[in-house]
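First, the structure itself, so that you have it in front of you.
Think of it as A, B and C in the order they're written, each chain with its own count starting at 1.
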Amino acid sequence: MARPAHPQAMQPVKPGRTRTAPPTMPPQFPMTGRYRAYTLFDATGFLYLFVGFVALRVVWALGTGSAAWANIQQQLANPLYIGFHVITLAAVCFVAVRFFGLFPKAQPPRIGPLKPPPGPVIVGMLYAAWIGITVLMSAALMGGIS
Amino acid sequence: MSDPPKKTFVITRFDPDVDEVPKTQSYEIAVDPDWKVLDAVNYIKDEVDGTLSHRWSCRMAVCGSCGMMVNGEPRLTCKDSVSQYGDTVEITPLSNFPVIRDLVVEMDGFMDKFKKVKPWIIRAKELAAEDGPVRQSPEELEEFKQFSMCINCMLCYSACPVVSNEPEFLGPAAIALGHRYNVDSRDEGASERNAIFRGEGTVFSCSFANECSEVCPKNVDPAAAVNQAKFNAVIDWATGLVLPSGEKE
Amino acid sequence: MEIEVLRHDIVIVGGGGAGLRAAIAVAEADPSVSIGMVSKVYPMRSHTVSAEGGAAAVARDDDDFEMHGYDTVKGSDFLGDQDVIQYFVQEAPKELALLEHWGCPWSRNEDGTVATRAFGGMSTKRTWFATDKVGFHMLHALFQHSMRFDQIVRYDEQFVTKLLVDGNTIRGVAALDIREGVMRLVLGRAVVLATGGGGKAFPFTTNGNIKTGDGMALAYRAGVALKDMEFVQYHPTGLPGTGILITEAARGEGGYLRNADGERFLVERDYGVGTKAELGPRDMISRAIIQEIEAGRAVTQGDWGEHVYLDLTHLGEEKIQSRIPMVRELSKLYVGVDPVHDPIPIRPVVHYMMGGIDTDIEGGTSIDGLYAAGECASVSLNGANRLGSNSLTECLVFGARSGRKALEFARGASEGDESSLRSEGANEAGRVDALRAKTSGTEKISGLRRALNDTMESGCGVYREEVQIQASVDTVQEIKRRFEDVEIQDHSKVFNTELISVLELSNMIDISEALTSCAVVRKESRGAHTRRDFPNRDDQNFLHHSLCHFDSTGPKVSTKPVTLGKWEPEERKY
């Protein structure tokens, strides 16, 4: 038996004239079929939360002094941290690819006087921007190190 | 000739005057491989068990009556070949809807949502029959045509995870319909509907699961409509900040 | 228990094209009038939704009312009333323009004007279309437009079982609430019936499950005559097996009909359609296909029985996809053929009833305050054979007119005596309750339905003959007797669809009675009524409408004059 949905889901404003059985959720939700991808997509939010905490710690350490900075750098070299960052990278790629795939159809047929370019062009632009920004940031970061 | 294959249909039964909660009943019948799932349900109704209730009419995928969950997926049963399923086929009423009886779900909640988006042409000045048809280029027609193809079968509501959890959510088909009028060159009511779309439980409740578009039997792509409506609702809001009201087109 | 009474000024039965148009007409004419719309399905499920090819109205410079009128008269085999036809052709463009204003996505020419296509029996391109989902778009545009009027109160999924008539004045209807299983009275000072046809009396039909002739049977039992019921339109191109419609627009866009030898038989042989070929009227083309089948030139291999081909392969994918996408969708889905590459198997299929509730030009019937429009009515626009794409427009033109006329009538009408209506309603509720509670029957619903279907097909097919029609007359009476012993398995109240099936079956039996009774007395061939034993049209003896009145002793058939006009009957050749 599928799990119950919100008891008020799809209930009319005026109560039905006969007793009804309560609505149930789609049986595959949230972990089977296509819902798995959607659930994972949503779940990546937790990873970003953790990444945020880590980033705050790093910034805090930088502000505290060189000993703290060295300490945090040592901690970040821990395989657990590296593993976490690899998973996060995979999650970001997954979200980006999924989002880029859906993004073109979210463009209205016209935005004021402008017409958005065709779907494949939009997708191309998104990937180009992603790669471009990644390259730029990497260059800036590496330049900063040397 | 070999015997026709048999399949077992496990169907939800619920009579509110008798059953506290829905139960299931199995029917083993010989199926014609050319049948759609609806034909099997009709066969059971006609020849095996007259007490089974379901809705159907056109049997050509345009009236939108016969949506059911088949093996856990929302399907238009007149479109679905019985041969694509295994020996056991589970048929339940559409998810996310209260159930009136057997495979019959409550539709009035959908009708309420439907009306909320003002699904009609809004014009500052009404036209008379004598004015003749308004011109519309094939390109302008193309901009909303796809979103006018919705047959109100409600499969998208059954698939949508937001509908499951947020009763106020207008849902895919209703928003797609409102958006259909917003992008119709003959309509002048977009700002009214955009104001509705900026309210609670409308376009911004959508998490773009895209399930509505996955299950839509008419390729309406309601997820596209809902997310385009987000875009337009924001642009409409922003232009409202810049331009005093009345100067917008 | 006291029966619940609901009151409106106007009651409309049916929420399809004609019913919605009538409701909108009333709502726009007088916002203070309350309208009750009773429909056995939610309006967007109504069978108007399945219409495909288009709606006719003069639109082009090379066309005029005269031409549309003459085409319609000739198509009707001179049994259409010419005053009705003239009114119709003049109103048609206005109605389709209104639908445009209400959002119908008509297909367009490059300059933004509404596009038109060729259709059978029409002498120029005058069929407005929205690809090949015209009924769907029209119905949804009408329904959505109707939602702006709060005075239109809908009673969805309520099944009317009886017209309440007091003396000779309509007072309202008794309706079964399908969801609750209780009867209510919906009273009004005028009633418009717009319940569609009854193609489901036949086994092989384009019609959906809901097309059971309910309104026709209601009026018939209330004493209104059914007119011209013998004229049943066979659409030439139905998919074998299911009977699903492949629109005439497929031929309008250039499709060919071919026999097993690949011949375009309408061109190769003389079937009376002349150079119109595939764009001849439906009655003639259906006969041609049957003759090809009888001459042994049909396709016999495969699962689909005897059939011929509708060949669209020369049109190309782009044209098929842009003009008739639904043809492709339906062919792929229901016969597994992609018309871009292969011809579609087709055979003639019951599609439309030219006959129906006898009305005058305003939709008025012989009962004061009772109106009818759409397929359930016979306003005598279509005579003996309807031209494709005239019926969607008919729903609008005569839906609107009957709505306006009902409003006019209601303004001067009084309300009935409620206590006597209540007792009549209680009797009706008792009848329906007894039917639901019945435990004694032995006749299966599906068995009776099949028996009715079989006899209607054998007696009232494309070609008919005295012996078979008479056999059908007798068989329908026998089925009527057997129906008394119908078996009901479902005695529950909530959403009892079996009870609805029984009521629908009873309606189909009644209209079949009228249909066969009219068919047997029309000893001539005219339009869709083709007798092998009387192969010619006989204007001397049969240039008149048939009327069939209900009587407890059996149907009474009589005649009614045709309204002629500027077009004198002539030989019908294209």
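Assume contacts are C-beta pairs under 8 Å (C-beta built on N, C-alpha and C of every residue); 3 or more make two chains touch, one makes a residue touch a chain.
Source: prediction; values computed, not measured.
The chain pair with the larger count of C-beta pairs in contact, out of A-C and B-C, is B-C. Nearest to the common centre of all protein CA atoms is the CA centroid of chain B. Here the CA centre of subunit B is 27 Å from the CA centre of subunit C. Rounded to a whole number, the gap between the C-alpha centres of subunit A and subunit C is 55 angstrom.
Residue positions of subunit B touching 2 or more other chains: 16, 100, 111, 144.
Counting only residues that touch two or more partner chains, subunit C has 179, 494.
With touch defined as above, residues shared between interfaces to two or more other chains in subunit A number as follows: 16, 18. Of all residues in subunit B, only 14, 16, 21-22, 69, 72-74, 92, 95-100, 105-106, 108-112, 142-144, 157-159, 161, 163-167, 183, 207-211, 214, 221, 223-224, 227-228, 230-232, 235, 239 touch subunit A in the complex they form. Chain contact summary for the complex, subunit C toward subunit B: residues 41-42, 44-47, 49-50, 93-98, 100-103, 105-114, 133, 136-137, 140, 144-145, 147-148, 156, 179, 208-210, 241-242, 244-245, 303, 326, 329-330, 333-334, 444-446, 487-490, 492-498. Within the complex, the subunit C residues that touch subunit A are 177, 179-180, 494.
In the complex of the two chains, the subunit A residues touching subunit B come out as 2, 5-6, 8-14, 16, 18-30, 33-35, 38, 42, 102, 105-112.
By the touch rule above, subunit A contacts subunit C in their complex via residues 16-18.
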